[in-house]
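Note that the chains take the letters A, B, C, D and E in the order they are written out, and that residue 1 is the start of every chain.
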Amino acid sequence: ATTLLNVSYDPTRELYQEVDRTFAAQWARTHGGAPVVVRTSHGGSGAQARSVQEGAPADVVTLGLAYDIDMLAAVGLLPANWQGLLPHNSTPFTSTIVFLVRKGNPKGIHDWPDLVRDGVQVITPNPKTSGGARWNYLAAWGWALRQPGATPDTARAYLRSLFAHVPVLDTGARGATNSFVQRGTGDVLLAWEDEALMAARDIGPDQFDMVVPPLTILAEPPVAVVERNAKAHGTLDLARAYLDFLFTDAGQRIGAKHYFRPVTPSILAENRATFADTATFDIASLGGWTQVQKTHFADGGVFDGIYAR
Amino acid sequence: MSGRVGRWGFAALVWGMVGMMVVLPPVMVFAGALAHGLRAAWDGLCDPDALSAIRLTLLITALAVAINSFFGVMAAWTLTRFSFPGRGLAIVLVELPLSVSPVVGGLVWLLVFGTQGWWGAALERWGYPVMFAPPGILLATLFVTFPYVTRTMMPMLRHMGRAQEEAAVMLGAGMWRVLWHVTLPGARAALLSGVLMTTARAMGEFGAVSVVSGHIPGLTETMPLHIETLYNGYQTVAAFAMAALLALMAMGVVAVRGLVERTALRMGKIA
Amino acid sequence: MSVRLEHLVRRVGGRPIVDDISLEVETGSFTALLGPSGAGKTSLLRIIAGLDGHDAGCVFLNGARVDMLEARSRNIGFMFQNYALFDHMTVARNIAFGLSIRPRKTRPTRAQIAARVEELLDLMHLPGMGGRYPHELSGGQRQRVALARALATGPRVLLLDEPFGALDPLVRRSIRGWLRDVHDRLGLTTILVTHDRNEACELADTIALMRDGRIVQSGTPQQLRDAPATPFAMAFMQDVTRLPGRVAAGLFIADLPDMRPVPAQGPDGRAELLVRAGDVRLLPGQGAATAWLRQTYGPIGTFDVMSGPDTLRLDALIPPGAARIVVNCALDASAGRVARDGQWLGGAGDGGDSDDNDDGEMTDPACIAPVVANLSKP
Amino acid sequence: MAGHGAARQGAGGHAPFTLWRRRRDGLPGFGVGLSLTLGWLGVLVILPLLALLARPWAQGVGSGLGAFAHIVHDGRMLAALRVSFVSALVAAALDVVAGVVIAWGLVRARVPGWRVIDALVELPFALPTAVVGITMATLYGPHGWVGAPLSHLGMKVAFTPLGIVVALMFVGLPFVVRTVVPVLRALPPEAEEVARTLGATRAQVVARVVMPALYPALLTAFAMAFARGVGEYGSVIFIAGNQPYHTEIAPLLIVIRLQEYDTQGASLIGLVLVAIAMASLGVIAWVRRHVGRGGAGGAI
Amino acid sequence: MSVRLEHLVRRVGGRPIVDDISLEVETGSFTALLGPSGAGKTSLLRIIAGLDGHDAGCVFLNGARVDMLEARSRNIGFMFQNYALFDHMTVARNIAFGLSIRPRKTRPTRAQIAARVEELLDLMHLPGMGGRYPHELSGGQRQRVALARALATGPRVLLLDEPFGALDPLVRRSIRGWLRDVHDRLGLTTILVTHDRNEACELADTIALMRDGRIVQSGTPQQLRDAPATPFAMAFMQDVTRLPGRVAAGLFIADLPDMRPVPAQGPDGRAELLVRAGDVRLLPGQGAATAWLRQTYGPIGTFDVMSGPDTLRLDALIPPGAARIVVNCALDASAGRVARDGQWLGGAGDGGDSDDNDDGEMTDPACIAPVVANLSKP
């Protein structure tokens, strides 16, 4: 059987399980029973991108943020214009950053300022190692910048007090979710919308509530074919077909089922009830990944400054 | 010391410590594994990815134990029986991996065999990828379990002395026969100890392996990595079931050692 | 098979621990390497066996030089002090080891090996013990197993490193005779290392007395006892009393006032007299010393002698008809030898051959207190 | 038969001096053993460590030095090192105390069920570190079996430095027990008996005769537990909290550097870790040699 | 301080390893517990020290019963075979140990302790060694440190368990005299365990000969040698030749044809004759045996005697004017004792007191082959 390796990030475990199965079945159907095995590896987005850079034989990558795929382009694993090769900036699904709280919202958390009240513990992973954490961070940053009279300094101050409420920085989004969900740590989890919905609906309907803040970021986790690897493995066509599948209606519906916002408007409309309406801003409004990475997450950047003494 | 009270008090102290520090976590693991009954735990282990992780772990462990035991015995023997310039340094180097972080134990192999490393690109071009494939996992495991056999064998060999070996030589035995017929049976207990530690550590290694594995289910996930994957996928029972299985395997090795030691004791070979 | 050593030297850390040793051991002879601890006996034996290398000199077996021959190819039987039995093998497998590891071509069949083991067990008086493990044997039995193992491959030369060291004194004595018997019966060439002079005297035809890596003297036990080459050889081979004094005008004058002067050749100066325990005579009525008899062993007694300010314990012939206390006596030690700086003073007492003592006196009692006189002590 | 030439040469004269003479000492197999050992050591230890040693300078010595200077001045790095070392130190020290008590219970006091304890002691070794981490975080978390009662007492373990210590203690304990037990077992009873005939009480025997005899072994055990603790990753990150300056450990910093695509920085921290671990092992070896002279601990 | 043991019993696993032992050790005396390995010597010493308990009987120190007193309260100095020095303490701290652990009230000041250590170091001839560690000392020095440590607290009783076991034979002999000296000078009561009869004879006033947990005989060395209570005692205290034979009509008839019958009381049946090495006489011209002289030690020779089908090696007085070979001789061993089943046969040879041998014959040569005749061998 031909094997296809998708190197993905933490919160997509359930999503790609179904995608892989469906795609393999469909490929077999359309290619005369040719068996295909799709494997997906999960982990913090940054860690995953690094493995691929160091030689993990990924045919496709489906990561938490574009910057990580840019780093693969930087070492020539795929063309620099990768984001233009697929529709919607190579982003099959979007998501937002939301709050997951204990059932009944005992701490009364509704908006970003509530997170920094006394006695509130916030769970979020480490932006250095987790893509989701960067979205969390940037959501808070963007919100703070959009407050009346805000300056980068006030935003910095807000983030500083926010992270002062974080008792544990897990290395990946799923690790943080587990800290909150399975080990009962903290009062509010900053999470991908899909993580939060899954927790609130599937894992513990009687334990958690999801709170959507009035303003948050639009997260755009992109996908790409790792062309050099796929060529070497002879799986270029398969890889392309796999990613294309994500943009088909079938693929989009699977995404929606796992609480990722479809980019196909019709399918998004079908799932109106699932995805709360809220105001969002995107990464471009913050200057794009390259810029953001440099100012915020690089060694000695704003994030390090938050903890600096 | 007031005998009776003191004795029972001390026993309580010892058991308290053992309970808190040693027993509690494994108990939790087993409790987690059996939270939904044996059946659920069993099903968790029967998943193809789980089976492949078990297979990979067994394979890697067997290889690591075989390689490190063979070379470890040779090194322990050479380092205790002969003196040569640089022997002290060699002993330090043998011990070194013990004091190196497992993360570094993975990192170093990336530096050698990763695409960005010395030979990785070339090897990949030749079609022999090492990192993010079983050979890489093996290398990381070998590095991490490197010292155990040598470490436990050396004091034992020193203690045994070379008289029996020399006796064998005088009877016409060459190096291999000496090792096989005299050294190894004599140092059996220490060897077993070392092999046990190597086995347990090889099966359970997480840090080093996770750096070089790529976490590909069904391909490069060992049991510890798969446990993490399961746990992160909310499959708590399966995760703990696999952890319990791992603990049972290691306990099995401990038991085997105990058994062998007791037979040896009966034969009068007190190590 | 004869063994010849020529100018053997072995250095460890620059220091020679075997220092220019030459020795000839004839086929069929029984030689003892005798000497105090650290003399280099074991070192020498190990060089012969090929277990240790040497820095100079040659080893010949049956006239052929074997320096570069590996230990395993020399076909020498070696018995270690602590036996070095293979703990994890039965007695039978221990004995069979040397045969069972031979390359297939030269290896006897299983039945042959078993027969040989049986034969050796019989020879060693160990019937039916083949199935035991070494730890189930007594010291003496272990010793015999070790010997059987060393003999199994049919070596012509047998090297024994203090084979009786760990044994009970009774067992030890009984096993000695038997060992000599095996040697004679099998026609072996045997070299035995020991630091027990009785053992060496009893067992060996030739003794090589060693000290500090050198052979001090070699010869028959009789020769070593009767004509010791150095004071050390005399003191090591027999219990001696050392009497300090000085040489003046051809006479040795002991510091002890009542000791008769002894003729001594050599330049004047400090010297000491070595006399065998029992070779001293008390001469009642001829001096000012008082002697208390403490113990007797036949004709010999242990006396506490008070002479001038000093008291000295020594063994002397009991004067005929003597009571517990002998008063006003002098001491005669003219059978002794005069030494200075570890060497004999020219000729003095060198006539002291064995015949001197054939007039019914005893020379070497086992149960006599060897007295180390320390006259300078308060 | 290399000996033939020599025999002919040496037969005539005596004390022949030959230049080519090789002093052949001891057991056979030196060459084979040495090459196998060096080969194994070379491939599995020297090669990768050379890579680690070389990596920081791969982009030029200047860049390496710069990165190094940066690390030395990086407060967060130093803080992480401090967290790792202090917690490893504390954990190792506590392990030594607990290990001695348990070893004593096993060997001397023979507490009821000592055989069971003997078998259990290796359990921490059997669990993968990640599992240890998860269970420890659960046990000591706010709702855990241990954490909940403790939090009622106002004590927080998980996500504090204490949590790191707890995890490291679990990982290090078998090292201590396994090191101390054989030494304790091998201690000759005579020294203790002599002390008794000299008038020592039981407490004095333990404090002045037994413990000093154990010091070398304890130092070794401490060193092993400490070295293991400094590098430990899997079991710590779940319970540590991983907050920079507070509960972030040095190995995590390596991972973080790696994920920042900063292999150079990661290698440098790795080197620093190796160097410091080696140095502390060296110090302990030195202390052992010069303070705990004699003693029974040489066995390990 | 005197030591008295009354009917002591200690059982291990049901087997008595100390079996109804009574012993009286007087104040100031030097007693040796002598016996083969496993006789129970160490076990007995440990009971006296209070290190092991006993199942029956009593221990008295100076007349006071101490059975229930802990080892640490008995104030007995105990020296182990391997010295059991504290490896991690300097020599000085080893010696000071017993004093420095005293409760504050009775503890001497530091200066006093230091002075005492100095004094002991001097006494033991260990000047300036206080700062060394045990592993930096030679065996003999360690031995003295152990003794100094045992003496530091001023015990009146000193128990020594094979103190010379690990020493070089030369060192060993020199240290013996010195130990006895210390004993005398300090007025100690000393009990020494050894399995070396020479050591026991030389050092002790009284010897208690042990076997199988019992005291076989106790008395002065002279008594044990001259009137051994059992064949075992005789064989243990001296080199003896055993001659198998049988008793018939009041005579012991050796299996060796040319041996003169020896008077023996007791019922007829198999028996054996024990005769001290050297107590045999060759009677030339009176029999059919042939004797080869192998070695001489003064008046005594080692002979290979061929009599009938058997050859036997034994030590005998050399007949006056004898050549290397004595033909047609008979053997006279009437100085021997006849035994059966480990007991003397009533009275036979029991007149063999020390006086018997005072006619110039020797009794106990050190360098004589003790021969164990094995006539049934092919």
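Keep in mind that, in the parts below, contacts are C-beta pairs under 8 Å (C-beta built on N, C-alpha and C of every residue); 3 or more make two chains touch, one makes a residue touch a chain.
From a predicted model like this one, the values you see are computed outputs, not experimental measurements.
Undergrad: Steps needed, at minimum, to get from subunit A to subunit C via touching chains?
TA: Counted as steps through touching chains, the separation is 2.
Undergrad: Show me the overlap between the contact partners of subunit A and those of subunit B.
TA: Shared contacts of subunit A and subunit B: D.
Undergrad: Quick one: which pair of chains has the most contacts?
TA: Ranked by contacting C-beta pairs, first place goes to B-D.
Undergrad: Which integer distance in Å separates the CA centroid of subunit B from that of subunit D?
TA: Chain centroid spacing, subunit B to subunit D, equals 15 Å.
Undergrad: Averaged over CA atoms, how far is the centre of subunit B from the centre of subunit E? Could you give it in whole Å?
TA: Taking the average C-alpha coordinate of subunit B and of subunit E, the gap between them is 55 Å.
Undergrad: Where the CA atoms of subunit A average out and where those of subunit D average out, how many Å apart are those spots?
TA: Comparing mean C-alpha positions, subunit D is 40 Å from subunit A.
Undergrad: What whole-Å value do you get for the distance between subunit A and subunit E if each is reduced to the mean of its CA atoms?
TA: Between these chains, centre-to-centre, one finds 90 Å.
Undergrad: Among the residues of subunit C, which ones contact at least 2 other chains?
TA: 51, 71-72
Undergrad: Which residue numbers or ranges of subunit B touch two or more of the other chains?
TA: Only 110, 116-117, 166, 169, 174, 231 qualify.
Undergrad: At which residue positions does subunit D touch at least two other chains?
TA: Residues 26, 28, 138, 255, 258 of subunit D touch two or more partner chains.
Undergrad: Could you run through all the chain pairs that touch each other?
TA: Final set of chain pairs in contact is A-B, A-D, B-C, B-D, C-D, C-E, D-E.
Undergrad: Report the residues of subunit D in contact with subunit A in the complex, numbered from low to high.
TA: For subunit D paired with subunit A, touching residues are 75-76, 137-138, 141-144, 158-159, 237-238, 240-245, 248, 252, 255-256, 258-262, 265.
Undergrad: Under the stated contact criterion, what part of subunit E meets subunit C in this complex?
TA: Subunit E reaches subunit C through residues 36-37, 168-170, 173-174, 177, 195-198, 201-202, 220-222, 225, 235-239, 295-300, 313, 318, 354, 357-358, 360-372.
Undergrad: Which stretch or stretches of subunit C touch subunit B in the complex?
TA: Result: residues 49, 51, 71-73, 75-78, 80, 82, 84-89, 97-98, 101-102, 133-136, 149-150, 152-153 of subunit C touch subunit B.
Undergrad: Which residues of subunit D touch subunit C in the complex?
TA: 1-3, 6-7, 10-11, 14-17, 21-26, 28
Undergrad: State the interface residues of subunit A toward subunit B in the complex, per the touch definition above.
TA: Spelled out, the residues of subunit A in touch with subunit B are 5, 7, 10, 13-14, 37, 39-43, 51, 53-57, 75, 172, 174-175, 178, 181-182, 203.
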